[in-house]
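Note that chain A is present in both complexes that follow, paired respectively with chain B and with chain C.
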Partner chain A sequence: MLFAQLVVAGIQTGLLYALTAAGFAIIFGATRIFHVAQGAAFALAGYAFLMSNAAGLAWPLAALLAVVVAVAFGVGMERWVYRPIQRHEASFFTVFVASFGVTIIAQSLIEVSFGRGFVTLSTPLTQARPLLPGLYVAPVFWIALAVTAALFLGLAVFLRFTRAGIGLRALSESPELLRSYGLSSSRLSVLAFAIGSALCVPGAILTAAVTGLQPSIGAHVMLISLAATIVGGIGSVSGAACGGLLLGIAENLSITLLNTQWSEAASFIVLFAFILLRPRGLFGLASTR
Partner chain B sequence: MIGRRGLMIGATMASAIPALTYPDPAQAAASPYMLGTLFPMSGPNAEYGEIFTAGADMALAHVAADKMLRRPIVMKAVDSLATPQGGAIGMSRLVNVDRAIYVLVGFTGVSKAAAPIGMRAKSILVNGGGIGPDLAGLTPYFWNVIPLANKEVERLAPWAVAKGLKRIAAVYVDDPYGIGVVSSLKSSFSKAGGKVVAAYPISPTDQEFAAIAAKLRAVKPDAVYFASYGAQQSEIIKQLRNNGVTQQLLSPSSVDIPSVHALPQSKGLIYTAQSADWNSPDPVTRRFVQDWKAKYHKDPVPYNQNYYNAVLLFALLASALEKQGKPVNGENLRNQLLAQRSFPLVGGTGVFDDNGDISLPIVIKQFQAGGKVVKIA
Partner chain C sequence: MIAYLVNLATLTTIFAVLATSLNILIGYGGIFSIAQAVFFGVGAYAAAQVALHVTPDLLVASAAGAGAAALLSICLALPALRVRDEYFVIASLGLQMLAVTVFTEATPITGGFGGLVGIPPASLLGLPLTDPNAMLAACLGFLVLVLVLTRVLMRGSFGRSLMAIRDNDTAAEALGKNVMVLKTLAVMLGCAYAGIGGALYSAQMQFINVESFTLDQSVLIMAMVIIGGTGTLIGPLVGTVLILLLPAALSFIPGIPPTEIGVVQQMIYGLVMTLLMIFRPGGLVTLRTRRQ
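Here is the complex of A and B:
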């Protein structure tokens, strides 16, 4: 039963990774911008939710506020950080350093505003109950499962069947072709950042309830999301989702074989294995040299 | 450009400056005693820094009010970040830049990193917060005004075994503190007729313990002993309880902080701590408790007491040296401690051994509903 319990814990962790990784994949897939500050959006959304909830706002309103904060942050990054850089030189390293710098600033802002310790949300939703003898599942697991399934379904419909969704998929391939169809690449870019940033909010809220937040959590989440994106196949939303799930399960299952301290490293062992054996990831396209 | 001769003249003049600044012994005597604190003032363990500093501050106020010393005390605070690196850098600054002769320190890893620097500079380090067993006799200039974890575990093990808590699973931070505690736990429970059946190390920054909870449930121990610190302790308690670990939770004194008191899931948690009788009639304790309650409107915690005692100990030693006409420095402070041994401190007479470690009785306490704590043994 230990194995089943660890799989359940792994799925719950993996669902949170999947949502954040999918957000990163949408942004990167559409704009080719390496948006490291997605971790900062996660942290800001989580703190916005916790603080507004502590101030007496109901869960749905606090969650809505968290979405507003994350989307405003993502769109702000696109408009006032990445776009000016791209107007000049658009080198990968300039974008990366700028994004990383904003992450540090966001972390410092959180530290100054909310302190440097852990903050957490006490809720009965994290109280596990026995589902089977020896298998405990908390209501938050089912919530994570339902929210993730609903969001990915909605995202798939949006990307496949709407004009904006198809435009987002085409954006990275041929911005000129988009213009000929009367679509604005800059508007689609903003849309990618808005959707990508909003996708990290459920993960941030559930993390606040399950394990608590700390100002530097964005860096950790971003590392895992990057790993999930690479494992799933760069630019593939479904790949990022599967990658996140796989890493979450690997992280938890690793402690059946290894010391408990190796659980985080397990994710990166999986990443290295993919880089060596299947560099294009689960759903990525094979590149020709 | 300044030549070699210019540099030599400059150096000679610079060396003469102190004599010009203090032309007579009376003025020299007014220069303050430099003390330092090496506490975590930021990061997840900043809560400890505030608690430690509050105790030291009250002692400074009392020492000044009582005019115990001929010279004032200046306390320099350096953030240790609760890391060995922060401890080494901070201690170097305190002894080399600030010329601190007496430094208050907390946390086992910080203490172990700072101790060799204090030893070289012959500056006294006084620990009132770290409880790693290997802090005993770290250097001749390192003292403890807190009983160390081995003493706490030695007190807990026979009591727990007598209560039927024989099979213990441990969760511990993988640093000098956690490793030392688990080592003591294994030997103490083995001697008492119990056994540590599993031990799971965690990183000081870990936040997720659901998988460890699953392993703990599979091991089926009688009790779970965790050795961590700061806000991580609250996450451990909350997540173990939320994930079906119903066994008795045990911990050392590091758990006695406000964030754990405020956690509903900490109800029933048993921990060990130094004896602290706030109703003691001795005048030092009475004054400390009265002034504490007047200022903070609540009881002090043992950490407040320890750092109050650390500063009071300095004042008592320095006062004795002043009366003997000896300079107040690390070496003389140490000699005076070993000559005098017992001091009137908060909690009663503090007696120090050859290592400079205080001996205090250990009690067993339990969290009740609403964060209240009662002594159970």
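Here is the complex of A and C:
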């Protein structure tokens, strides 16, 4: 039953990666900004939830606060970092370095404020219960599954049927055409950042409950969600979701084949294979650039 | 105090070699790698093994370091030929994460977490370099050698073709430049330099472990190049000096507890990187003739 147990654990991790990677994919798809500071949004949201909850705030309010923090961070990045950079001719690397710099700042701020150790939320929801003989599943697994499904459903409806959602998809295909139709591309990119950042909040809260948070969690999540985006096909939301799920499962299953020390490396072996053999990912369109 | 300063100067020289090595990739080749600590590590381990088992001669050790790093640079060259921009950055990040695991697990070669201890003091052509000043002089010699070679190569046909590829690879290919060969050579050269840096580092520290070759180190080297100025000979040197003097300078400021210096230092260079990208993306040393 070890195999089934690891698959369940893999799906649970994968769902969290999938949400964060989907947020990254929405931002990258709409604005072509390589927002590596998404990991910082994840960490900040997680810490905001934990700290306000520990201070006595009820969990729905704490979760709301986490969403506010993440969205404020994302929109602030768009307004005060990316937009000034894009005003002068900016190579992708300029954007990347700036974003990476912010990730470092966020990590060290968290380290100064909350210490280097793990902080975690103790809740009965993470206690495993037997589902089948030998297979233990904690209630948090079902919560992760339900939240992820609901959010992806909502996202699909939004992107397909609402005016703003269609605008976002149009922005990724042709910003010039969008502007000539009288839509504001800057307002849409703020929207992309708001949605993309908010999507990492459930993952951050569930990670806080399941494994706990530490200052470098942002960098780790960033790496995984970047890898998931590549594996899924850059800019494709459903691709990022599948990529995240795949990496989460690979990370956990690698324990059966290799030493535990290799579980993080497993993600990157998958990533490397994709880059060399199928760079456009599972669902990516052939790159036109 | 003097011993501390000499040690700091030697480390600065070694990191200047590293920053120059990454500058070949980022500044001249347009290959945005964040895996330079991998080749720094490969060079350091190879040189340490040579020093432990063959000869403590710094020239032999550096040659071994450079050779090993150049050989393994194929791991970076393959994705560099296959993908670019965002994809390549992520590929290099992936390589960095993998390499840390390999360094930790390949205990027979790298000593794992414990690292390699008791690396004998280096010598150069039979002369012992046990005196810190002699070691500093030797490292400076290597740095000058690397800088001169870089200048000669980048001024010549190889460098100009490389920069043409960086600016527009389709146009360069249309002019008959062999993009694949040139990029592979650039990666090999940059990684070989990093290997030399690793060899000098292992000779200077006489102890190496995986902690020195992590993503943080790669980011530090990247920060040196970016803050100093990419694509110039002086820029990475300026960046190296600034970043390595920062912790020393911070320790003289009262009010910062010694345990927090690392965090404050990280915060400062994160802030500087972000602000520079917003206001001066070329780095501190921007070439006036940048667009030539």
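Methods note: the second predicted complex is superposed on the first by the 287 of 289 C-alpha atoms of A that agree within 3 Å, B and C clash if a C-alpha of one lies under 4 Å from a C-alpha of the other, contacts with A are read in each partner's own complex, and residues count from 1 in each chain.
In this text, a contact is a pair of C-beta atoms (placed from the backbone, for glycine too) under 8 Å apart; a residue touches a chain by one contact, two chains touch by 3 or more.
Note that the coordinates shown come from a computational prediction; the quantities given were computed from them, not determined experimentally.
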Fit or clash - chain C, chain B, common chain A | fit
Touching A:Met1, do we find chain B (first), chain C (second), both, or neither?
-> first
Is A:Ser113 contacted by the first partner chain B, the second partner chain C, both or neither?
-> neither
Is A:Ser174 touching the first partner chain B, the second partner chain C, both, or neither of them?
-> neither
Does the superposition put A:Leu271 against chain B (first), chain C (second), both, or neither?
-> second
Have a look at where A:Ala9 lands relative to chain B and chain C in the superposition and call it first, second, both or neither.
-> first
After superposition on the shared chain, which partner residues are touched by A:Thr211: those of chain B (first), chain C (second), both, or neither?
-> first
What's your read, chain B or chain C touching more residues of chain A?
-> C
A:Gln261 contacts which: chain B (first), chain C (second), both, neither?
-> both
After the fit on chain A, how big is the angle at chain A between chain B and chain C, using C-alpha centres and going to the nearest 10 degrees?
-> 60
Which holds for A:Ser184: it touches chain B only (first), chain C only (second), both, or neither?
-> neither
When the two complexes are placed on top of each other via chain A, what is the minimal CA separation of chain B and chain C in Å?
-> 5
So which positions on chain A get touched by both chain B and chain C?
-> 111, 259, 261, 264
How about chain B: which of its residues touch chain A in the complex?
-> 42-47, 174, 200-203, 207-208, 210-212, 214-215, 217-218, 230-232, 234-235, 238-239, 242-244, 259, 264
Residue ranges of chain A in contact with chain B within the complex = 1-2, 5-6, 9, 12-13, 111, 115-118, 120, 122, 126-128, 130, 134, 136, 138, 210-212, 214, 217, 251-252, 255, 259-261, 263-264
Residue ranges of chain A touching chain C (in the complex, touch as defined) | 34, 81, 84-85, 88, 90-98, 100-105, 107-109, 111-112, 219, 223, 226-227, 230, 234, 259, 261-262, 264-265, 268-269, 271-272, 275-276, 279
Contacting residues of chain C [partner chain A, same complex] = 26, 32, 78-79, 82-83, 85-87, 89-91, 93-95, 97-98, 101-102, 104-105, 215, 219, 222, 226, 260, 263-264, 266-267, 269-274, 277-278, 281
